[in-house]
Amino acid sequence: MLRVGIAGLGRLGARHAQALAWGARGCELVAACSPVETEREFARTQCGVERLHAELEPMLADPDIDAVVLVTPTSLHATQAIAALRAGKHVFVEKPLALNVEDCAAVLEVAAQHPRQVAMVGFVRRFDPHYQAAQRAIAAGEIGRPFIVNSQTCDLNDPEGFFVRFAPTSGGIFMDVSIHDIDLARWMLGSPRARRVFASGTNALHPALAECGDVDNGLAMIEFDGGARAVLYASRTMAHGHETSTEIIGTAGKLQVGEHAARDRIVRSDAHGVRHAVLKDFYERFESAFQAEMAAFVSACRGEQALPLALADALEATRIGLALTTSFREGRLVELD
Amino acid sequence: MLRVGIAGLGRLGARHAQALAWGARGCELVAACSPVETEREFARTQCGVERLHAELEPMLADPDIDAVVLVTPTSLHATQAIAALRAGKHVFVEKPLALNVEDCAAVLEVAAQHPRQVAMVGFVRRFDPHYQAAQRAIAAGEIGRPFIVNSQTCDLNDPEGFFVRFAPTSGGIFMDVSIHDIDLARWMLGSPRARRVFASGTNALHPALAECGDVDNGLAMIEFDGGARAVLYASRTMAHGHETSTEIIGTAGKLQVGEHAARDRIVRSDAHGVRHAVLKDFYERFESAFQAEMAAFVSACRGEQALPLALADALEATRIGLALTTSFREGRLVELD
Amino acid sequence: MLRVGIAGLGRLGARHAQALAWGARGCELVAACSPVETEREFARTQCGVERLHAELEPMLADPDIDAVVLVTPTSLHATQAIAALRAGKHVFVEKPLALNVEDCAAVLEVAAQHPRQVAMVGFVRRFDPHYQAAQRAIAAGEIGRPFIVNSQTCDLNDPEGFFVRFAPTSGGIFMDVSIHDIDLARWMLGSPRARRVFASGTNALHPALAECGDVDNGLAMIEFDGGARAVLYASRTMAHGHETSTEIIGTAGKLQVGEHAARDRIVRSDAHGVRHAVLKDFYERFESAFQAEMAAFVSACRGEQALPLALADALEATRIGLALTTSFREGRLVELD
Amino acid sequence: MLRVGIAGLGRLGARHAQALAWGARGCELVAACSPVETEREFARTQCGVERLHAELEPMLADPDIDAVVLVTPTSLHATQAIAALRAGKHVFVEKPLALNVEDCAAVLEVAAQHPRQVAMVGFVRRFDPHYQAAQRAIAAGEIGRPFIVNSQTCDLNDPEGFFVRFAPTSGGIFMDVSIHDIDLARWMLGSPRARRVFASGTNALHPALAECGDVDNGLAMIEFDGGARAVLYASRTMAHGHETSTEIIGTAGKLQVGEHAARDRIVRSDAHGVRHAVLKDFYERFESAFQAEMAAFVSACRGEQALPLALADALEATRIGLALTTSFREGRLVELD
């Protein structure tokens, strides 16, 4: 049994904790760490965790723990991941790995020094069965050579603008949201390197974002070496629900994953037309992927299965996300070396 | 130029008149007949017709007229069609040909005596491009051997219940509505003969129909010789719009024609979900088919093209529709000989 | 912890066993019973079960077992359920409860004598999230008053005809397949009683079924007290996959559940058109429902939650399924009292 | 009756000629002009035109002609339109109006000197019923304030690469194809002015295009004054058919027009999945729009109805299309003044 400790039990952390406590085989959630008392209480009552810490250090020092899952603020990711690796733990870090390339590189370097420990970044879509089926079809040549990816991550508008308060530390819409589409595009296209990027955006409903140089609707174009291209769209202002969808265009066909975001297998015909309900948020869309992600981490730590992504993928996604942010803020094309 | 006269300029008649006046090539609408003055006025002002009659006889006596189109009450169809044939005219009659088998047979007999004249019943779906494409695919063997047809004709509910007032003379829902699906099922299945039928129904919103032995929702099952089966559904009470749809099931696949009845190529995503607008009525759905139907009649009269249906098909549809009506009213299975 | 024993580890039994062993909370799978050695071996190696029996009696005699799950041949269901109840166990029986009304009634009678024990029949669709959402919408009045259900259960054709060998003991297509749609129709319509039924059918690809009075495509019509109607279709011969779909028509709208049976959230555009893959079988469609069903049984046994269906529902479904079978075999309408 | 002459009877010209000869009311196609004998022969035999010219001048000099329709090579559009206006004719020119801004401006200037004559550029999508319904919905505020348009025009791949031979004079993919999407985006967004653009592209299947600085897949981003944005995609290499589709995103919802490009109302379920056929080309998609476009031109010439677009729209589309071409060829952002 892999013995796991989790740090951070906010919205996403709580889900990871429950997946580890009840869903994933071959592991036991034995410790939890959070500066917030209600979060520790959650770990105790909802996940049956007894070893509770207000800080990370004692959890890393606990010799009974094999692996840690970090769902802490992004600014802490790199430092904590490095500390965990040095403490001899396998480590899972939520995306993004860091808000600059140097920090990512530092984690990669330390991870390379601990080759027997697993180090993984949470690009959850790589564990979604729909995206996995699409990627397998592409790898099998079913759409010929893929050359364009159009990918969007669009959230239901939150009239109360919770994310606006979160904006100053989020890294901006391209780092916070499009980073998923960046990783996805690279995965579908066979992991090419980006050469040049351009980003644009507009504020549709949350002008306050302008204060921290952010927008509620971001558009991006990425030119990869070898000719492939990606067009990305991230939005905080959808009226209908959460729609993460991705189109991969190849020389022999195209795939569209997730479009229309049906909440269930029900079609309703009434005075509003013929219609279906829409997924409410990222969690509802990727519920099973979040579980599969934890299961894959546990399985990799136990040496049963290799991971479908490397730390280098997280570094490359960060590099591209930062270039898009620069492009948008400085109003220019950005070349990557 | 084929010279055509039309009798009856009600809702459907007016459309036929305009198709003949403006849309169909190779013909001229030269005469119109209606006991209703506003309808004659419509023919004069909207269709440019000068020879206007209150009764049919003078129009049939007019030697300048080659063909007549009858869009009169059903009870008059057989007598008028026979008179037109005897007057040497080609004749188009709206469906149903008659409300009993004897009258249908009488028209067939007279038509057989005038083999050089065209006699056609208006089963408009045979001229719809979508149904035509489906039938061609089936005839080409693309779904193997077809063995089941599920077909429905469902109207948007009319809260004012116009059709309730029309019910006493309509022949009932199976003769008035399902007759289209009966003809369609036979067309798709290769024109088999019916052997046994069962009908059921229920009144969802218009209980007044019970007074004339009718229902606003009718269900039917038809057993054909050779093993094929049809299930029909006719409704007056849809909440979303007009949906005529047909499923044809074969040993190598199935086709569904018309399901969901999208009004246009627009998908809308908003607080009501992801949705499309729905066709409002039969006319909107079959607008191009009505035009093609008149064009086919004209073309057949001019000897350019054979018709895709025979009077015998109308007789068979009537025979089945009547058997369903009997089954429903008497609450029993009805065998056809 | 509820201690459960399972009897029968065939295709469906094996799934139930795994759900009990790994998925459902609050229970432990402690015993398994099967006359087949490989099935017992499966229970031991795949489900961690140690108490293995070739016959049911010793398992029922085991005082450490609280509940039994019966996934045995239909002909044994009633006798075994009664024995389990008398042994003081909670009992889950796969559908159908029995192939005649008397046996169903006998189980109900014994269950009534043991009111503190749970007795449940496996109508898995009642645990499917899509059907549950539809039923909730209907109960909330969102489609007005429901009055027609069209429901189909259509399997991908098995060219090797496995089910043909199984046909002599299956009870026929209406008892084996349509029974699900019967229960579903009653659930959606508010549990009305059937008054009269008619069934028809045809053999499209497996004429050998005729030897045991069965067909590979069955059609049924059910008239309920109060005016509601159901039209059912069961098929063994689909070319595209497994499609279980249900349409519920109400006075203010209609719902369609499961139509087109998309296997995933991928749309593919290529030389074959714009298309999606289709579910392969019942197990793939109802995977999560099978898990929820076992969880609901465990939860009911533990007194945490009431069941969404009663044994009386199973009796009524059997009564209707038998009437349909009689209607089909004797070629007549069948009245139910 | 408006008396019309047409110049150019190639693929598109022939369609316009037939629409004028047979479909549009209130006009008569009386003259045709083409240097190609087979085209003049087509006008005579298929459209009943008697006045046939090898050159434009005599047709412009004919006092019996009220209006001319120019479907000639793009390089001739501006000069011919000016000559027609000076000859006192109403004039319809196919898109694009010209391959540079100066020529467009010259036509506008001459048109301003002849305010009683109609001058119209053929942006056919403005006459498509689906796009019209979308634009009406937006104008009525049904999606709130529109702020992003994603629009694509994607052709079925032509393995013989006809368009490659045509590339040197086409103006490039942004001028030849995306110009439609540019006009559409402006129409949907309320006719804003473009401020800055970026274009990228890749050659997927036709590397020979590189010789004339063109690509078979082009991507574009347009920043408009006021914050609205457009993302465009043009492709020559689709595997499934012709798909022109446009998404308009607003603060209260989004519309998608034309996605999936279903050829008809038929869904097929077979061994290839659940699928529909796809439109083959632009002509099939816009057949009724081409007819409505000619009808609108005739109607405007007759003073019955205003046009839904102005020459200034054509000038603006050209200005943007040229900026995109520059951006792509020079690998830089292009600011518009």
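Letters A, B, C and D mark the chains as written, and numbering starts fresh at 1 in each.
Throughout what follows, contacts are C-beta pairs under 8 Å (C-beta built on N, C-alpha and C of every residue); 3 or more make two chains touch, one makes a residue touch a chain.
Everything numeric in this text was worked out from a predicted model, so none of it was measured.
Common neighbours of chain A and chain C, listed by label, are B, D.
Put simply, the chain farthest from chain B by mean CA position is A. Averaged Cα coordinates give chain B a centre that lies 39 Å from the centre of chain D. Separating the CA-averaged centres of chain A and chain B is a span of 57 Å.
The multi-chain contact residues of chain A, meaning those touching 2 or more other chains, are 143, 238-240, 252-254, 262, 267-271. The residues of chain D lying in touch with chain C in their complex are 238-241, 243, 260-262, 267-278. Put simply, chain D touches chain A in their complex at residues 143-145, 147-148, 150, 198, 200-205, 217, 219, 221, 223, 227-229, 231, 233, 235, 237-240, 249-254, 331-333. In the complex of the two chains, the chain C residues touching chain A come out as 22, 25, 129-130, 133-134, 137, 142-143, 252-259, 262, 264-271.
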